[in-house]
Structure formats: C-alpha cells, structure tokens
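Chains here go by letter, A, B, C and D, matching the order in which they are written, and residues are numbered from 1 within each.
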Amino acid sequence: MASLKPVLLTAILAAAQIGWAQAPAYGVGRTPTADEIKAWDIAIGPDGKELPPGKGTAKEGARLFLLKGCGGCHGATGIGGRAPALVKGGPPAVPGQAMPAGMEGMHMVPDTGIMALRSPYAATLWDYISRGMPLNREGTLKPDEVYAITAFLLYKNEVIKSEDEVMDQDTLRKLVMPNRKGYAEIPDWKRNTPRLANYP
Amino acid sequence: MASLKPVLLTAILAAAQIGWAQAPAYGVGRTPTADEIKAWDIAIGPDGKELPPGKGTAKEGARLFLLKGCGGCHGATGIGGRAPALVKGGPPAVPGQAMPAGMEGMHMVPDTGIMALRSPYAATLWDYISRGMPLNREGTLKPDEVYAITAFLLYKNEVIKSEDEVMDQDTLRKLVMPNRKGYAEIPDWKRNTPRLANYP
Amino acid sequence: MDLKQRDLKQQDLKQQDLKQDSKSSNRRGFLKGGAALAGLAAGAVQSAKAQPPVAELRAKGTSKEQVAYGDRSKYETSVRKSVAERASPDAFGLVFHVNAPLQDFYGSISPSSLHYVATHRGAFVPDIDPKEHRVMIHGMVDRPLIFTMDDLKRLPFVTRQHFVECAGNRAKSTQTTVQETHGLTSNAEYTGVLLSTLLKECGVQKGASWIVAEGAEEVKGAGSIPLGKAMDDCLVAYGQNGEALRPQQGYPVRLMVPGFEGIFQIKYLRRIKVVDQFYMTYNDYGHITTDARAAALANQVGPKSVITFPSGGQKLPGPGYYEISGLAWSGQGAIKKVEVSTDGGKTWKDGELRTTPYRMAHTRFGFHWKWDGKACEILSRCTDELGTVQPSRAQVAKYWNEPLTKGFRAKGMDNTIMAWRIDAEGSIHNGLA
Amino acid sequence: MDLKQRDLKQQDLKQQDLKQDSKSSNRRGFLKGGAALAGLAAGAVQSAKAQPPVAELRAKGTSKEQVAYGDRSKYETSVRKSVAERASPDAFGLVFHVNAPLQDFYGSISPSSLHYVATHRGAFVPDIDPKEHRVMIHGMVDRPLIFTMDDLKRLPFVTRQHFVECAGNRAKSTQTTVQETHGLTSNAEYTGVLLSTLLKECGVQKGASWIVAEGAEEVKGAGSIPLGKAMDDCLVAYGQNGEALRPQQGYPVRLMVPGFEGIFQIKYLRRIKVVDQFYMTYNDYGHITTDARAAALANQVGPKSVITFPSGGQKLPGPGYYEISGLAWSGQGAIKKVEVSTDGGKTWKDGELRTTPYRMAHTRFGFHWKWDGKACEILSRCTDELGTVQPSRAQVAKYWNEPLTKGFRAKGMDNTIMAWRIDAEGSIHNGLA
C-alpha cells in the first residue's frame, strides 16, 4: 500500500496548517459520541485499515449472492441481468447498449468495467458492497456476508483461486488486485491552475 | 387643461431625440393595421381628446348601474357593497376595515378616496369605467353606457347638478372636477438623482 | 481455469426459475425471480428479507412528473399569504395583494413560486396563450410595430436582477412577521428586451415625453412612465429566474421599470403608447397629493433594508452565535453599505454584502453576532450608490413636522428603518409595537 | 341638495332584493343579488348579460394553492428528459441521469424544477426530514462536531452561483438537441456555509490531506476531495435559487465543489471525514486510468460553451435578424470571453457576456446576427480567467494523436467546441453528425 503516495498536498498543508487548526469561533454544533461516529464511519480506505473483523469464502458468497437478491439484478451468475455485469467474460449488461451516461468518459480497458477488476484495491470493493448493496436494503449486510460476497466476486473473476479461500481483514489488505497499477495518481489541485498544462 | 404642463422632459428630450428616432436596426415585428391600433387604443388622457362619440345622463346611468351589475358589488346606491364606495357620504366599503394594502400610502383627503372625486379629470373616470368595469365583463360597455354611468357617479357625488345633464365628449372635457388642483406635479425623473432632495 | 466451466452450483435452487430470471428482459420478471430466490432460502439465513415488490420500490422513488418538472420537498411548507386586509383569492377568485415569506428566502433571488403578488384592482390571473399574445407600440412613433413573443425573443436581450415593491409595503405596529411587514417586495433575475431597443426600432417622435403601458388582463392595468426612464433601463421581460415569467408576475411578458413602485411594472404587457403628457391613469392615482414632495416619494423606492433573520415570530433557542441576515435594496441604484445595530440604534457596525449589489435589486447582507441572552433590539440601515441613507421613522416624522406616534405613516414609499425586539427568552417581536 | 334624499329611483326593481343585496356581508349573497338584478331587466336592454355564478368566477381565478406556492403557466411544457441510455425513473423508481432543457433557459439561473439530475448509482430521491438530518465532521480533526440544519443556518453564510456538470455531459453525433448534447449541466444561486468555516471549527490536524464526503441516501454516495480544495471554496449548501435546496439536488444539504465534476458535489451530505489519503471510493473510479493527463482532465471542467439558440431541432422561420444566445462556464474560474463563429469556424467575433461571469458558474452570452438564409454552421468558444481557450475536437484529437472520427471521444470531461449546422430551410442540426 505504500505505493499509494497518499500525501499529495504536504507542501501546501505545512504552510496552511496553523491557520486551519484554530480555536472554535462559533460554538455551534455539538460533539458526536463515539457510538455516533462509529455508526456512520463506513468509508474503507484503499489500505483497508478500517475493515471490520469478519470473514467469508466464495462458496458462502455464491449462496449469499442469490439469497440476498443480488442475482435478481446482476444475473444469477453475476452476468446477464439488467444491472452491470460483475463477472468478466460475459456479454455486456444489456446487449448492444452503451455504458450509461456518466460512465462513458471513464476510458475503461475492456473487462475492467467489472468493478472487482477495475478496483486497484480489494478494500474498495468491500466498501461498496457494504454501503451500496443490495438494492433497497443497502447497508444491511453483515461483515461476514460482505466478506463472503467479496470473495465470491474475486473468485469468479479469477483474482483468487479457490472458492474456499477465506477473505478477512488481513487477506483483503494483502491481496494484490489486477488493476493495482492501472491508475494514474490524481493530480494535485491548486487554485488558479489549469487542469492540465499544455492541453489545448 | 393647459394647467397640466405635460412636457416635463423637454430639455432631456431635445438632446436625446436624434438618437431615439433612428432607423430600424432589426426588422423584427410588423406594422399593425389601423384597425388593430384602434381596437387596443383605449387610454384616454386627462384632456379627454381620445373620448369617443356618445352621450348619456345620470338618469340613464342609474338604471345601467344596476342593470350591468355594478350595484351588486358597489351597493345598489353606490355605497355599502364589498367593493369600494363610489359615492361620498356613506360608510367605508367595509365598516372598520382599513384601505386595502397598496392604497394606504395615498394620503387621501377624506372622501377623495371616492374615485369620481379624487380624479382631477373626468376623462380618467370615463377611462377606468370603460377599461376595467364591470367585473368579469370588462371592456364590454358601449360608449353611451360609459357616458351614462360616468354621469350617474358625477351626479351622485354632486359634481354635476342635474340627473338630466348630458355628458359627452365635449361636456366631460370641459367639466372642472373638485380635485382639479388636488395633486402635485409628478417630479421629473433623472438617472442617478435622489427621489427627493434633502429627504432624510 | 475457464470461468464458464465454473458455474455456480445451484443444487438447492430451482434451476428453472433462475434461467428464466437471468434471461428475462422483463424487469418485473426478474424482480419476481429475485423475490422467489430470496423466499426459497429464507429459512436458511435469518437476515434475509424478501425482495420488496416493484410497487413498493416505485412508491419509494420518483414519479415521472417529478423527473420532468420537479417540486420542492414536502417538508418545505413556506407559503405566500394574503395581506391582512383582503383575502386572495377572494370569493370571486380575484387576487389582490399577497405577501412573500421573506423570512424563508436565501440569497438574493426570490423563488418564483413565492414571489409576492399584487394586481391593479384585484384581478384574475389571466390565462394567456403566448402564441396569441402580442405587444404593440404606437402613438408618437415613426413606425408603429406589433411583436409576437417569438419576435421579442429574436431581439437582443439583457438579463438583470431587479426587485419589485408594492407601494403598500409598509411595516405597521400590528404586524408580527417580516412577511407581514415587508413581504410586498421580491427579487428575480429577469431576461428580456430593453424597452429602448423596441422604442428605437419604432422611432420616437419629437415632443414625446411619456409612455402609457397597458396589460392584457381583464382590467387592462395601465401606468404612465416618463419617456426618459423608458429609454434608460426599462425592460420588456419574458424570463424570470431562468424560465418563462410566471403567470402571477405577468406571463408571458411584463414591463420592468426598475426602482419604480410596483404598480408601474405592467404585467401581461400588450401595449405601449408613446404620448406627450402624463396620462393620469387610474393606477397613477397614487401620486395624487397636493404635496410635490410626497408625490416624489411615491414614485421610486428609497434605500431600504430589513433583517429577515432573526425576525418577528421566530425564537432563538438560547444565547450564542447567530448570523444576522437580511435584504437591502434601493430604487435609486445599487446598495453600497448595510449597517446593523444590536443595541436599538445606539451604535452601528458594517454588515457584509453577500450577493452582488446590482442596481435596483435585492442584496443579501450578513452580520456576525453573538447574542448574550439579554433583551435587545436589532436594526439594519443601508446606503445606496447615491449616498442616500435609509432613514429612521423619527427622522421622517421630523422632516414632515409630525409627531412620532406608533401610527405614524411615512408618505410615499415607506423606506424607514425596521426594528425587531428580542426578549430575554429569545422571542422576537415587532419593534414598532 | 342632500345626497341621502336623492336615492335612486327603483320603481321597476324589486326593492326587497336590493335591500338584502346592499346590506349583505355574504359575498355569495350579493352576487346572487347582482344576478337577480341583471335578470330582471334582461328584456329591457339587449347587451345585458346575467352575472355569472360564483363558481364560474372562481374557475377563472386562482386557487388557494396557486396563491400559496405558484406554478408555471400551463402553456410552458419544457421538461427534463432521461438520457437516451436509461430511463428515469426506471422500473424500480430509481433516477439516474436526466438532461436539463438548456434550449428553454433564460439568463444564467437554471430553474430549480428543471435543474439536471444525476445520481451515484441510480438512486431513489430520498425523503429526508430536515429536523432529523445531521452533518457530522470527524476524522483527523481536533474537535469532531455534529450539526443540525438549524446549526448550519446559524453560521456565517455565503451566496454564490455555481454550475454542476456531470462527467457524462458530452455531445455525440447521434444526438439532436442541446438538451441531449449538453443537458447534464445546470447553474443555480446556492446559499450555505463555507466548508472551511466548518473545518476550522473542528480544527484540521497536521497530516490531513483529503476529505471523504458522504451522502445520506441509500447508496451513501461518497467522494474524495483534496483538502486544499475543501478549504478553498467548497460550500455546504442548503439554499438553491432563494429557497431550500430541491430534493433532486440534495435536500436538505449538499456539498458544492465548484468546478469539479458533478459526482463530487455530494448530495444529502451527512458526513465529512478528514483523512490522510485519497480514499478511492466507488465514485472516485472515474479517475482510474493509467494516463495522468486523462486523470487530470476528469477532475475539473475546462472552459466550455454552447449555443442554446439557435440549436438542434429548432427552425428559423426565415432570413433576418436573430440574437444568438448561449451559455459558457469553466471549472477553472470565471469566463472572460466568448467568441462566436457563423461560418463554421473560419472567423470568430466577440460575443457579449450578458450576466456577471462568476467563478465556476454559467454565464449567458449573446451575439448579434443577421441570417442571410444560406446554409451555415455556428459555433461558440470561450476563454476563462486563466486564459485557457475552449478547444476544438480537432485540437483535442491532435493532442492525443488520435484520428478525428465522428466517434472521437475527448478524454475526461469533454469541453470541446459544439457546432450547429443550419440548412437553407432554417432547420438546425447537430454539427457533429
């Protein structure tokens, strides 16, 4: 994970930090409790350090994929439903239909349109299943279930080799995703700077 | 009518006129026919020069006032309905109720709230009845009917003395209304000039 | 390993259902499939819930109508209200004067659905088909012209923010909220053709000095406007806040006479006659007074401001920081400065203008304030680009040599300073009461 | 003569009816009276019509609901439309991407009811009670804080116009109208608290470099934003065009990240976590490309403009004067210049900016033009405050060393010049086709 070079704004920050950490000026708002923070703190960074305890295998995931209704939208095998295909090698989600607007500009390599393959980090896959799926019951999957469904998608896409391989905090963090080097670093943002020098 | 001093902007106009009367730049829109202009050209100026041919007496007007439904809103005698009183001396339109918002700032002398009395020119009274009355059949009164109802209101408010006096283009233009001197000249408007010098 | 060879094992699921499911291009079909799947294994895993039926999902979602043309949240209930003196619509369906909820506005734009409404007599909101509507210019012009709405939209346009304010917009001690005291004004971004563009196209003749502008509604509301103003910055406006002018603001086209009292801003504009005298229409009656000074004050709005938060009828939950917010405008030009007092007018500090101060437009101001929990009185006063300062009621009373009673009425368009009294409980009251 | 002695002679009218009429304080009563009067004399005067019943009058008028919160004219039928690729709402009730009818907009403000809509996955428009809603800021801060909507509104606010634009907003040769080619952008006046105000209140810790912002809707749409941007001009906005933010734009509160692609402008904002790395959420995936230049172009919008009149699908009735009108915007700052070509890009002339060119906001431009009735191609290009000029598709293709085919796709946010072809009949077509 060290390759992520997370601190893009170090120079700017060093200069500005003192001003930002000032004393509260308004006294409006209250301090959230630890429980309140925990309940909402669902974002898992690429290094997976926020991944919760739990585990699951692709075998369990295959069953949960149907049980939780995922197959209803994505196709029973992860391909062929109206929702985006989750497994490579199949036809596009809807034959002959372009990617939805908004996803067109993503310049995806063929097959890396599959989220499990596009994602440079397995933690992100876990995060999205956890927060955004399944339709209409988002956020109801338990950690073990998310690990299992994650394992299922990784297995189906040949990222892991065995349907019995246990995915947990540790294995997910160590897993090297196929697209690990498939992304460019996000450019630094500076006020009053063109988005890309020498672009026409 | 000469006392109206109509040309308030002569100086400004003399300077600006040349620019305003320029040739058409866009050629958009078409020339209206004489009939089209005539059909819409309903505004009667204070000097009454646009008053159409026709005539009527207060006696005829009294009958029309009821026949046309005016009495239904303003009260059968011009007082006592829910709509503003048209004849002086009665109670306000709705006892105990202030003038409607928007009319409050008008600083009306008592009784000159009655339109026939407030109006410095009889032509304006004719104009308003013609364009704006009666409710839901606005603009349907014929000139003779407007002259007669105008005569009726003038008579009831003691501006004219006989219910048989004929009101027409000529008599209305000559009539001196009680409020003829009851108004100040509208101030000239100049860009970037306070609305009233020395007002706090 | 070949992906196709490693199909999901489905020995405990009805293979037939799944096939139908995955191949179905019928959405209801696959949802039913999903529900069936969930149902099958429901006994096995506690947390499983049946897939909700499509109808339930749809009910949660958004109707086609909301996608086509959206509405506000159901939790937003701010509404316009008739002035105390007369209901709108009345028993006839006539609309008279309707106050805008200024206390609920943000920024400088008044939401079109909540823009204040006033009519010339009490009028129906006319139902005008824009394809049939025409604007005619005639009278003392070389070339009378009649324009369709399409014609008007072909011509050079301008977009400008302007307020409109009714002459009846005056605070009274009997009122509670800022909607009641100041709600007969609103502000919008208008788009249209400068009246000068149209008048030049017609060629104004020598000797012309006024215009009479007239609406198409049943009462044919009309007003007399000096030609100098007509040629300066009047606007024949068809756009309001990005879309077509709203019916209650004059759809399909109105005249904007920036800074003049509302009654001149002729709605449903259908005719402009160029004339050589003040026409003294019914609507011009507001100016009928023997005092030239009072007449002058009735024409245009002076610099005016009001605090909208905190304002009458609201309640501060307790001592602490509150950002005071309000609106300032002037019929004479742009707002240059807004000052705020939190001690009943003893001391004044500069507020901040939070939106661009356009000429004859509402400008939003803000003011940092920490309430100590004690009773106090808050006020705002503004200064416009001509340097005119919004007056206090005392100053105006003195000018007219009248006693400053509770019932004192400023002549013309009332632009006096408004005060809100805050009591120790945080309740906010009309400072004139 | 005593007025009271000269009562109207009513020998031919039912005295009783009149008395009841004039004294009645019941409006229906007096109307009935009026009708009775009219009916009585109907035989006598030809032009007399019966007073219409109250019901008829009411039907002509305005409903209470229209007075409370008005709607547009029934003749205005402009609507948002789903992108061609997917219906909104779909069978589930989910909303995905909905194009705004830019061809029908005036000025710079996009009407809130017609503001384009996009969601993170296809989402329900959530039904959020603002009393229950909270915004929490935590992570690498000294003092995590949780704010109610009332809290947020107590804090210093700013009001700013900003556009939002979806990364999917790219013209294709298959599209017909400007709604289809450019409709995934809109502009509004937003009011809210600067995110920097909130972050300073929390005290950002050393080492922090990004924030993750997250919504309260079912998919909890999230995005990673550089802390430098967050501290610069991001806005926690609760007001839109003068009233509460609309549900489809994130009611009750959204994050504005001015100039960044739409997906970062987190709607239904409920949480901001201050972190020390790019979090690569699902929504950040748009940037996943091996080319750093393409990634840079996906982040922010370059200078972009489009002619909205005349535009695809419209028809000019004949040769003559037409005012060309359009919108220009840039994610890099304010628009400085818009040029228009009416000869397919051979020559360019300056257009006029008709609204204040705010930073990261739509600016309306106009251009005087007389159409000679011959086939031609019209284009616009803008320059922003950094001096960046909107590029042609040919320039972009050359930059990437790709052939300029009909299907050529600019990487990242597409800001290439749009062309409209006008044929000799006045019909207007997509210049990319």
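The working rule: a contact is a pair of C-beta atoms (placed from the backbone, for glycine too) under 8 Å apart; a residue touches a chain by one contact, two chains touch by 3 or more.
Quick caveat, the model's predicted, so the values are computed rather than measured.
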Neighbours of chain D that also touch chain A are C
When B-D and B-C are ranked by contacting C-beta pairs, first place goes to B-C
Between chain A and chain B, the Cα-mean centres are separated in Å by 74
Chain-centre distance (mean CA atoms) for chain B and chain D, in whole Å, is 44
Whole-Å distance, C-alpha centre of chain C to that of chain D, is 17
Per the C-alpha centroid definition, the whole-Å distance linking chain B and chain C comes out as 31
Residues of chain A that touch at least two other chains are 25-26, 28, 135-136
Each of the following residues of chain D touches two or more other chains, namely 27, 31, 57, 60, 92, 154-155, 320-321
Counting only contacts in the complex, chain A reaches chain C at residues 25-28, 62-69, 71-73, 75-77, 79-82, 87-89, 135-137, 140, 142, 145, 156, 158, 161
Seen from chain D, its contact residues with chain C in the complex are 27-28, 31, 54, 57-64, 66-76, 78-82, 88-95, 98, 104-115, 117, 124-125, 127-131, 150, 153-159, 189-191, 238-244, 246-248, 251-252, 309, 317, 320-323, 325, 354-356, 364, 366, 368
The answer for chain C against chain A in the complex is residues 1, 3-4, 6-10, 13, 18, 21-23, 25, 27, 30-31, 33-35, 37-38, 41, 44-45, 47-49, 51-52, 57, 60, 320-321
Per the touch rule, the chain B residues reaching chain C in their complex are 4, 6-10, 12-13, 16-17, 19-26, 28-32, 36-37, 40-43, 45-47, 97-107, 115, 118-121, 124, 127-128, 131-132, 135-136, 138-139, 179, 181-196, 199-200
Within the complex, chain B is touched by chain C residues 83-86, 92, 96-97, 118, 120-121, 136, 138, 142-148, 151, 154-155, 166-170, 184, 196-197, 199-210, 212, 214, 218-220, 222, 224, 226-229, 231-233, 263, 270-271, 273, 275-282, 284-300, 302, 331-333, 385-386, 388-389, 391-392, 395-396, 398-399, 409, 411-414
